[in-house]
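So, here come the structures, one by one.
Below, subunit A partners subunit B and then partners subunit C, in two separate complexes.
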Partner chain A sequence: MEAASLGTKAVPKEEDPTNRRVELLLGALASSILLFIAGMVIFVFLKGFPSFAANGFAWFGAGGNVDEQLANIFNSPADPAEYVYFLRAWPLLWSTFLISATSVAIGIFVSVFTSIFIVEFAPTAVARVLEPVVKFLAAVPSVIYGLIGILVIVPWINDTFITEEMRESVAYVIQLDGSSVIAGVVILTVMICPIMIAIVTDSLRQVPRNWREGALALGVNRFRALRTVSVRAIRPAIVAAAVLASARALGEAIMLSMVTGSIGFAPNPFDGILFFFEPSRPLGATIVDGAEGLSVAPFGQTMYAFAFILIISTAFLSFAGWVARQSLAKYSVGAK
Partner chain B sequence: MATSRKKQAQARARKKKVRTPGLWSLSDRIGVFLAWAAGLSLCVIAAVITLFMAWKGLSYLNLDVVTQSPEASLEQDKTGGFLDPIIGTVILTVMGAAIATPIGIGTAVWLTEYGRPAPLARFVEAGVEIIVGAPSIVLAIFGLLVFQQGFMAPFSFTAAGGEVFGRSFFAAGAVMSLIALPFVVGGTREALNSIPKHVREASYALGKDKASTIRRVLMPSARSGIATGATLGMARIAGDTAVVVVLLGASLQLAPEGGLPVIDVLKGTGSTLTSYVFQNSPAGEGNAPEKAYAAAFVLLMIVVGLNLAVNWIAKRGQHKWV
Partner chain C sequence: MGVIDEEKASDNGYVPPLRQIQVGGTTEPISVAERIQEPDPLLQQEEVPYFDDTQPEWFEQIMRTESLSISFGDKKAVKEVSLPVNAGEVLALIGPSGCGKTTLLRSLNKLVDLTPTAKREGRILLDGTDTDLYDDTYLRRRVGMLFQQPNPFPMSIFDNIAYGLRERGSKRPRKKELEPLVVDSLKRAGLWSEVKDILNQPALALSGGQQQRLCIARSLAVMPEVLLLDEPCSALDPISTSIIEETIVELKDEIAIVIVTHNLQQAERVADRVAFMYLGDLVEYGVAEQVFNAPQAERTKDYVRGDFG
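Moving on, here comes the complex of A and B:
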């Protein structure tokens, strides 16, 4: 931020019209990003509004089989007066929340420990390898994660963990074939960890050295010093990382549509161990699967309603993450 | 970068000499163990992904699959290759970066060099963050909404009834540019911020005004930062699937529209390596896993190659300011 204002202060006072024009032009270009976001939110909302309007708040509730409801919407009569909009989206919302929240929760621990490892414990050679490894994991396209998931992990779960009794016990509701919540969560965790590791490692490195040295001088061991001083000092960064990772997790569509079985089923935590192996389908994956039917008016509107939920929640999360990082920059002592 | 790394190495060397005595309780030992476990398991996961994709990819990759067009067939042997998706990936990547770069540079220059009024600048910053976080599937169906409007008809196929199809390389490229935009903005801002104040002052002292300082002094120095951002953005575009599935029609082969050369391809639908992998996985309609593995390997090579290019550009373009 400092560097930004330095430039402006140094300019001679006289305002030349050409300069003014350049500034206005660039400013307009930059502000058009805000216009674009506003336009996107408004138009997606307007397009999806009929679905919300027809269902009211029950839209968010549970009731019936969501896949059947979507099929009915897809097959509604051509007459606009008879469009079917009936939808109870709870299974999709629950699945989105469940998968993102679980993988972010696991991801926080994995990435904090990995960052501690990179910053403090890793031998120089290992730390040097880990840096590109994290970049690589962040760069692998989601469709490749999905491909490995559907061709390797899903069959493995099916063969190793799912017994015949488990299959029979739920055969009248769903089929268990390995495509499951757990497969989605595991792969999603691997996908979002690099984002968090990058942020957490950066801020761990910015914690002033003498803070930790103070702790070490008191005779505390290295791990305890890190845990009680450094990790505590960077809590806003961990929040920011978690929030940004949740935005990414909520929006993940392709990989989840490949490995979670693409069935609009709400996994029930009271099913015990079965819970992990039940199929499900989050919002993003639902839109991908429904991409072919977007031209059917009521179905398309329903999809835009899903998109509205997604864009609102991810925009909110991104904004929150940005605010958290601003506060970090303001309060962290000795940050560059 | 280089100096900070040296400092870290020194710090580490210092640390090694002074062993902190400290009492290691069980929970601390477990913590250290978990840190090692987390770090090493990430390495193992990356190694497994690389080796597995290389093994599967190389065993199904041959000259035929990269030089033949895909065909629809139930038998995996007759589904042809994936030349068209490779071309599609290249077109989209270049297009997206070409649209994103000027917009991104403009935004970044305004944010770093002008940034007035300050609240607006901060909102634009937050806006860029929101675009980073926006799911590509949402961007995609919003793009479809826009490109299906009547006035966007020149950019895609129009059905006999006057309904605009809204799916084309133009549409997909425009939306893809949004995915690359934050990277260009980030790369440019970082480069501009690293240029010291006295460089700008020297330019003003020579009688240059602000606009020409930006154009003649700052832009040339920021070039490698811009290139880094754009390349990262290209890697992102190459790896995105949702936009292609929704906005490119994901047709097997390139389907040119209209008679003009080049424009016809851009107006038409097509597919990319990502959508090809998706369609040919068991989740898609093609279901030819061998082809999917081969295509995924090519895709991974492209993405990793672009990321290596980023490192190379950053290293080569590193400017030493006095």
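Moving on, here comes the complex of A and C:
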């Protein structure tokens, strides 16, 4: 838009009416999408507001069993005056944060190293096969990962890692059956890595050969040159990839609802090794699982409240990513 | 002296001694072609005098290639080139595009080995030792390089100069220890007065000429003994070019310099010795004035007159 209007102003004499029309059309399209998104955020917030209003800041806190609270909301009396809103969403928020952040953190390492391999070390033939495969993997629907997760990974974790003592030690609170945080993290990492690898590989290819040769010519070894020049230069792209992956991780619902046990439990890091095998349920999965109950007004509003948290977190992440890229941009190449 | 027929040079298998010290001028230059017509068989077998001996000063060889060939796949880019690099001098490699001069230059610090298809034959000696015995990183610290395009890293000016010092060992030196070296390098590259107040600014914000001098300073910081310049001024304006040329002339007392250039005037201005290459062959090597004013080989004559290339 901006560029187009500047372009036409640069040539003052007889403006081509087609330019003007295209400009208006594209402008209208762009504005309507922006309006639509803004409208959606406001709509979701207004819909979810009763849940926030009834609980105040305690909404975000811990307290009681979140699954029981949700059941109570679902079983609210029909009279609007007696709607139940009581909710302490902490287990769901913690689960969302825990699973997304861990996956993205692992994903950053995996994707940077994989990209370095593809760009620097893989023989051309291998790279030529790997890259399209990676891009294909990025497009695999999440339900397929969920299916593999629930049929293969979850039973495997259950058989391999979870001992009877572990089961007994927490039997009075939760059941350990392999559906767990670790299953969610592993599969989510596999899911988000392809897109990160694609972004990081593309930007690593954009690093001028000049820079690397310059570093090598100073007697710096190849790995060091890679780390201190190439990877350093693509930091904005790594941030961009991480933001995109976080957005996908935050919003992932189906797969996580299948493999994390779908229990509103906050895994406790102080449980030691057990922590990884405890079930939980992030926000997205909660919305999917609650889909049948949406016709119950207070329950629907609670789901809207979850949706609003997801939207806001994603927006905040994008903004934080933008700020980070700005501060890195003056020393870098690739995504800005 | 000057003329080396590409075939003859390899046929007679002349290998110059490691550190040859010569004094005084003696003979008139005799071209190979002339000598072949000589009836005297003894004279025919005489080795082609390799070094110019008209220079009255002492010189010391710091680097030398011995029948060095480099090929990329089937294509031979450099053919059996034996070339000395003297300390305290500027050696210019000239020749038309694609004559192998850049490949030859890049082989001196083994940068050419990064190309997977490149194959090297022959030896490269640094201070009398085969460079194959050295680690690549060690060799490249002793033989620095400057590229055609200024390539400062996307960091601050200070970090650029300190880069080679910081990343060469396992222990990262502190900024305090690096500072005198950085300042000294910038001074030697003639950039200090321009950047002394903006050492923490991004290096990419400098002008092209300043960037190239920054790259010189960056190379100097690791204390190389030889500096390879690959058409260092081809991306620069005339003023920056002349500043860089001055810097080169000032530096040559401390560091042997090999410069590849397309610009014959530049070669005349900065070089003490000139090597003319054509299609991978070293056609002529000698003192700069002689190569430019009284070239021995036909092709050199054509080239310096501007008939081709």
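Throughout what follows, the second predicted complex is superposed on the first by the 295 of 336 C-alpha atoms of A that agree within 3 Å, B and C clash if a C-alpha of one lies under 4 Å from a C-alpha of the other, contacts with A are read in each partner's own complex, and residues count from 1 in each chain.
Assume contacts are C-beta pairs under 8 Å (C-beta built on N, C-alpha and C of every residue); 3 or more make two chains touch, one makes a residue touch a chain.
Quick caveat, the model's predicted, so the values are computed rather than measured.
Colleague: Does subunit B (first) or subunit C (second) touch A:Asn268, or do both, or does neither?
Modeller: neither
Colleague: Touching A:Ser327 in the superposition: subunit B (first), subunit C (second), both, neither?
Modeller: It touches nothing on subunit B or subunit C.
Colleague: State whether A:Leu244 touches subunit B only (first), subunit C only (second), both chains, or neither.
Modeller: The first partner, subunit B, only.
Colleague: In the overlay, answer first, second, both or neither for which of subunit B and subunit C A:Ser169 touches.
Modeller: Neither partner.
Colleague: According to the stated criteria, A:Arg232 is in contact with first (subunit B), second (subunit C), both, or neither; which is it?
Modeller: second
Colleague: Examine A:Ile150 and indicate which partner it touches, taking first as subunit B and second as subunit C; both and neither are also allowed.
Modeller: After superposing on A, A:Ile150 lies in contact with subunit B but is clear of subunit C.
Colleague: For A:Gly214, select first, second, both or neither according to whether it touches subunit B, subunit C, the two together, or no partner.
Modeller: So A:Gly214 only meets subunit C here.
Colleague: In the superposed arrangement, does A:Asn75 touch subunit B (first), subunit C (second), both or neither?
Modeller: Touch partners of A:Asn75: none, neither subunit B nor subunit C.
Colleague: Kindly classify A:Arg224 by the partners it touches after superposition: subunit B alone (first), subunit C alone (second), both, or neither?
Modeller: Both partners, subunit B and subunit C.
Colleague: Please identify the positions on subunit A that touch both subunit B and subunit C, taking each partner from its own complex.
Modeller: Common interface on subunit A, subunit B vs subunit C: 216, 219-221, 224-225.
Colleague: Sort out for me which residues of subunit B touch subunit A in the complex.
Modeller: Listed in rising order, the residues of subunit B that touch subunit A are 8-9, 11-12, 20-25, 28, 31-32, 34-40, 42-43, 45-46, 49-50, 52-53, 103, 106-107, 109-116, 120-121, 123-139, 141-142, 144-146, 181, 192-195, 197, 200-201, 204, 209-211, 214, 235, 238-242, 245-246, 274, 277-278, 281-283, 289, 292-293, 296, 299-300, 303-304, 307.
Colleague: Can you list the residues on subunit C that touch subunit A in the complex?
Modeller: 109, 111, 114, 136-142, 144-145, 147, 149, 151, 153-155, 163-164, 167-168, 202, 204, 215, 218-219, 222
Colleague: Could you please specify the touching residues of subunit A with respect to subunit C in the complex?
Modeller: That would be residues 208, 210-211, 213-221, 224-225, 228-229, 232-233, 330-333 of subunit A.
Colleague: Within their complex, state which residues of subunit A touch subunit B.
Modeller: Against subunit B, subunit A makes touches at 3-8, 10-12, 16, 18-19, 22-23, 25-27, 29-31, 33-34, 37, 40, 43-44, 47, 109-111, 113-114, 116-118, 120-122, 124, 126, 129-130, 133-137, 139-144, 146-148, 150-152, 190, 193, 197, 205, 209, 216, 219-225, 227, 244, 247-248, 250-254, 257-258, 262, 284, 287-288, 291, 294, 303-304, 307, 310-311, 314-315, 317-319, 321-322.
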